[in-house]
Amino acid sequence: MLLGEVIGTIWATRKYEAVKGYKLQLLQPMNSNREKLGEPIIAVDTIGAGPHEIVFFITSSEAVIPMEVNMAPVDAAIVGIVDSINLEIKPEK
Amino acid sequence: MLLGEVIGTIWATRKYEAVKGYKLQLLQPMNSNREKLGEPIIAVDTIGAGPHEIVFFITSSEAVIPMEVNMAPVDAAIVGIVDSINLEIKPEK
Amino acid sequence: MLLGEVIGTIWATRKYEAVKGYKLQLLQPMNSNREKLGEPIIAVDTIGAGPHEIVFFITSSEAVIPMEVNMAPVDAAIVGIVDSINLEIKPEK
Amino acid sequence: MLLGEVIGTIWATRKYEAVKGYKLQLLQPMNSNREKLGEPIIAVDTIGAGPHEIVFFITSSEAVIPMEVNMAPVDAAIVGIVDSINLEIKPEK
Amino acid sequence: MLLGEVIGTIWATRKYEAVKGYKLQLLQPMNSNREKLGEPIIAVDTIGAGPHEIVFFITSSEAVIPMEVNMAPVDAAIVGIVDSINLEIKPEK
């Protein structure tokens, strides 16, 4: 899973039936220092993330699992909203 | 899912049976500012997007879901046509 | 799906049972202007493409679908042979 | 599978039900010389790796297999903890 | 599928149950001219490739197919050992 920030929303009236009713968020992928990584992607949101919240998301065919349908053409979904990132300090040896 | 613009069509008479009857669109992937991202890809279109429309598409083995067959060797499909992209302005703190 | 040109063949006598009997083509991926994209990959060919023909191919776990077995460790397959690519001219506004 | 070092942990209280109860580790991917490769990713850990241990991990939809649920939106999981890497010296010919 | 050279072996005593008993080879991906491509990856070997043999391997969730278990968290597997690569010379026109 990767980290990302919710930066916008996609509106589309003509779309495949199974994705209707789901919010499509625009996510900016980022690293663990909250620096941007590449270009924004579109993910289904079933958790209810708000604008500028930091989330972790999945990008594979398993992304359909959080939806209430069995089959949907979806390849990215928000899985959780990040409270904090704990970085381990490497001990001196 | 990623954003893309319909820039052409692929014609192929000799092809695998299950993809016959489906339109194969050439898509230029783009970012949320409509700038080109990488090279065009070929996607199945079951929504009916026209030339130069902005769509969002899926690239994974779930791409077969919009088709009327159960099994097809397809890894990209148009899922919806974009009406608008709403970018959230980051509030000053 | 991506475009590619058939540039060679792979011979292998010691291989996993389910891929025996299938032709393994070496494909050079290319863009819609027939310019090379990255390095050649190995794809199963059930369509019968000849040397230097332009094909479109799939790269995912759905690549096993054109084969006559239910299960095969295959991640790329030729899906069709391209007759022509129709690029839409963007209208002036 | 790729090599990685456990460099941190992700905390998230609002998340998809099926991933609750699983530890989410932050992994720095690395090559066989233990040099960093790209950006850290988030992986489910069912093996119990400690901070700074070298692990190998999977990144695909099969990543859900080590979990005790049948379905979970997960695309990366720690599969094992590395004891040693044996590099073969290429013989002179 | 991609070409690679067997360059080493991974030893891991603490690992997920379903991958126990399988040899984990370190592969250097390469192009059809045997030049290195990117960083080594870890693949399951059920064919029995020896050090420095050239193999072709799969990288997707289908990689579990060569194993004797139904489910295993594996995303790369050796599918065959290459005897020869036949490159087609492009005819002058």
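We call the chains A, B, C, D and E, going by the order they appear; numbering starts again at 1 in every chain.
We take it that contacts are C-beta pairs under 8 Å (C-beta built on N, C-alpha and C of every residue); 3 or more make two chains touch, one makes a residue touch a chain.
Since the structure is predicted, the reported quantities are computational estimates derived from the model, not experimental observations.
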- For the sequence-identical pair chain A and chain E, what is the superposition rotation angle on Cα atoms, to the nearest 5 degrees? 145
- Please report how many Å separate the Cα centroid of chain A from that of chain D, as a whole number. 19
- Query: When the centre of a chain is set as the mean of its C-alpha atoms, what distance in Å lies between chain B and chain E?
  - Reply: 31
- Message: Give the residues of chain A touching no fewer than two other chains, as numbers and ranges.
- Response: 60-61, 63
- Task: Pick one for the touching-chains graph, please: line, ring, star, complete, other.
- Result: ring
- In what order do you meet the chains if you trace the ring from chain D in the direction of chain E? D, E, C, B, A
- Query: Can you list the residues on chain C that touch chain B in the complex?
  - Reply: 1-3, 31-32, 37, 46-48, 56, 58-63, 65-66, 77, 79-88, 90-91
- Note on the structure: Per the touch rule, the chain D residues reaching chain A in their complex are 6-16, 18-19, 24, 26, 39-43, 51-52, 60-61, 63-64, 71-76
